[in-house]
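Listed below are the structures to be examined.
Here come two complexes built around chain A, the first alongside chain B, the second alongside chain C.
Then we have the complex of A and B:
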């Protein structure tokens, strides 16, 4: 196990941040912690990195217990949301910082890291002379310099333009594969978590509500919160139980009569809002051609598309 | 309109200074009468050992006090910004900032009392002199440096220090390679501020000074009662000739950043 967290509790003053979180990350795995702000996801990273001490619980990295160890002595590395590049040092010296502290400075290794993140030739610049995306790459090279077995990433894409985000995410994924490093990424962006991770862990109110491979969690959300947080979901009540039904699982041409209330063009599909004969409003995603507003339609879905919620 | 206001403001600020510099070259005995161009007061200044000694003493005390203020104020600012919530922190912060708001007469008198009481109980300092003026100026300067450093550290936040720790830097290495370089501009600015505060202080120096510790402002102030001579103008002109280019250089350097 690259990272093992057991029964983690933490409160700040009277505010509980974590209420019994247990988590395991395998060697070379890419895990995303997904949740709204205040869900405790960033607190987990800060506890693992050693910036805060847990009130209760155990953290082990590479099988070694981390209790009482300061950040300096922990084998993991952290990439900060603001990148936290040293403004008074050049790009080269920023990347070399950890190597120098360990007495392992090697100019060739720094150049290799800058090449790895596509920043070769920028060594002499200051962080202030770089764009946000370039700063992000330098921060990544700096965090990877000492070949940490575990990299913690705090909202690494949040500060980038929407256009850069997808490409940079793919780049992160490639680097993670190439270096074999375990990644634990914190994000509030469900699309980012679904696209990049081997496994996503959903947090709500300091507790883990569900975890698993992205496709599985998306198709089988365990709670209403998960269903609504990951993409769009219709919540149906049948026989006293709640079920989640994804808009793309509903097809036009079933047995349930309905009327189109509104339609929105999403580029690759249309999103319809339909009022069914029994008075429910369902969202339906269809590749088109989409019926006009006010049109009568028939809706249907396979029984397997219904995900029971607890 | 704004240009007119700006021009008036500049005249208001600089006209007295220009007058003072101009009268340094006047041949008259009164420093506010024009008696034709002359360099006699510069020559007189070169022979006036009391004035020159006071000027040299003032510069030395200012440099010493500013250096002490940076050391003490730097630690003060760091403790206030980084040591978090220790018992009595609000009180400590208020006490540290007190010299900024207390009237100088009060500070001066209290320092005088402190020195007298200290002498009674420990035998040090023996009377008032250069050392007591220097300590008084350093304590005032330290309050200013402390505020500057605290504000800078608060604005920087902890994330850079956290990043350094995460990259394996020991607390000492973090201070040396991250904290110190980042607060260096504040320390330099604080040094300059403490230097200037000391250089033009009359009140604290009058209270805590003694025989043999007559700084330039104190000497000029005492001469005022007997009627000043244009020697003081000449000295002021020389100080201006040094200070204005230095100030200009500092502004240019700050502007370039």
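Then we have the complex of A and C:
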């Protein structure tokens, strides 16, 4: 097991940040911690890296208990949201920093790392001379330099342009596969988490509310929060129970009469808001052609599309 | 408009006095008021520029100048070296109480400058508090001669000029990104290594600014060496003072002032070329 976290509690003053989080990350696994700001996801990373001490609970990396160990002595590496590149050092020296501290400096290894992230030839530059995407790559190379078994990534794509995000995410995924490093990535972007991870861990209010492979969590959200967070599902109440119903699972041409309130073009699909005969508002995703606003439509869905919520 | 006012201001308050002093340095001392005469202005040519030849040939002045620069350099280094731990300590205080603690740190500097120096006299003289305490503890029998020494002078200089170095260092340290030091720790650097390889380099410009803000005024300082230093301590500031008021050789004093100014412009030029 690459990372094992058991019963983690942490408060900042009067504010609880984590309330009993347990989590296991297998060797070579890519796990995303997904939640809104304040859900405790970044706190987990900071506790694992050793920047803060937990109030209660246990953290083990590669089977070794981390209690009382400073960040320097922990085998994991962290990639910061701001990248935290040393502004006074060249790209080469930034990547070499960890190797030098360990007495393992090797110019060839630094060049190899820069090649790995597609930054060969940039060694002499200063971080300020690089674009955001290039800085991100250097930060990644620096974090991977000492071959950590576990890499912690704090919102690694948040500072990038939307256009760059998808390609960089795929690049992260490729590097994770190539190096065999376990990745724990913190994000508030559900699309990023769904696209990159082997497993998603959803956090709300300092607790894990659901975890599992992306497709499974997406198809079977456990709670209303998860259903709404992972793609704005409709919540239906039938027979005293709540169900999640995805906009893309509703088809036009069923038995339920409704009226289109509004429509939005999303590129690959249209998102309709429909008022049903029984007074509910449902979001419907359709590839088009989409009915006009005010048009009457018939809606339907297969019974299996209803995911019961707890 | 503002530029014109600034230019006028500089011309009146800096340029004009500087010209007067420069002209004075080319004169010769005479009896009377003012106690000098400038041959150039009297239409008698350059004259001998006697003051400048005395200044460059008399080792006394060059030595005083060198000693002043040395004292200013050591004082400025001391101020910067003290500022770092003070500022780092202050920044560990929770933000709610930080202003109050900063107030306490700066409180001594609200006391008049001469009074603070007099405080050192009270501490260090033969019958002063330190000697009394050491004798009272039985550690020594005769008082240590601490006052009127290089050490006392240096202590006074560092005490007097500390805020000039402290404020820029504090500002730079409080504006630094904590993630940089965390990243260094994460990459395996110990606390001293983090300070040496990250904290110090990223705040180096502020440290250099603090150094110069102390060094430049300290090079012309003469009150502190007069109050606390050894009697033989000959510094540029004191030499200039003596020439003006004791020997009444104004041209020589003016030449020495110009020489000191020339030396102090150098670090400012270096500062402007320093990498940002």
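Worth a mention:
Keep in mind that, in the parts below, the second predicted complex is superposed on the first by the 310 of 310 C-alpha atoms of A that agree within 3 Å, B and C clash if a C-alpha of one lies under 4 Å from a C-alpha of the other, contacts with A are read in each partner's own complex, and residues count from 1 in each chain.
Criterion: a contact is a pair of C-beta atoms (placed from the backbone, for glycine too) under 8 Å apart; a residue touches a chain by one contact, two chains touch by 3 or more.
Small disclaimer: the values here were computed from a predicted structure and weren't measured.
Model built by superposing both complexes on chain A: chain B and chain C clash. Using the contact criterion defined above for the overlaid structures, shared-chain residue A:177 touches neither chain B nor chain C, since it reaches no partner. By the touch criterion defined above, A:241 lies against neither chain B nor chain C after alignment on the C-alpha atoms of chain A. By the document's definition of touching, both partners, chain B and chain C, reach A:71. Touching of chain A by both chain B and chain C, each in its own complex, is seen for residues 49-51, 70-72, 74, 77-78, 80, 82, 84, 86-88, 97-98, 101-102, 142, 145-146. By the touch criterion stated above, chain A contacts chain C in their complex at residues 49-51, 70-72, 74, 77-78, 80, 82, 84, 86-88, 97-98, 101-102, 142, 145-146.
Listing the residues of chain C that touch chain A in their complex gives 177, 179-180, 182-190, 193, 197-198, 201-202, 204. Remark: chain B residues 159-160, 162-170, 173, 177-178, 181-182 touch chain A in the complex. Against chain B, in their complex, chain A makes its touches with residues 49-51, 70-72, 74, 77-78, 80, 82, 84, 86-88, 97-98, 101-102, 142, 145-146.
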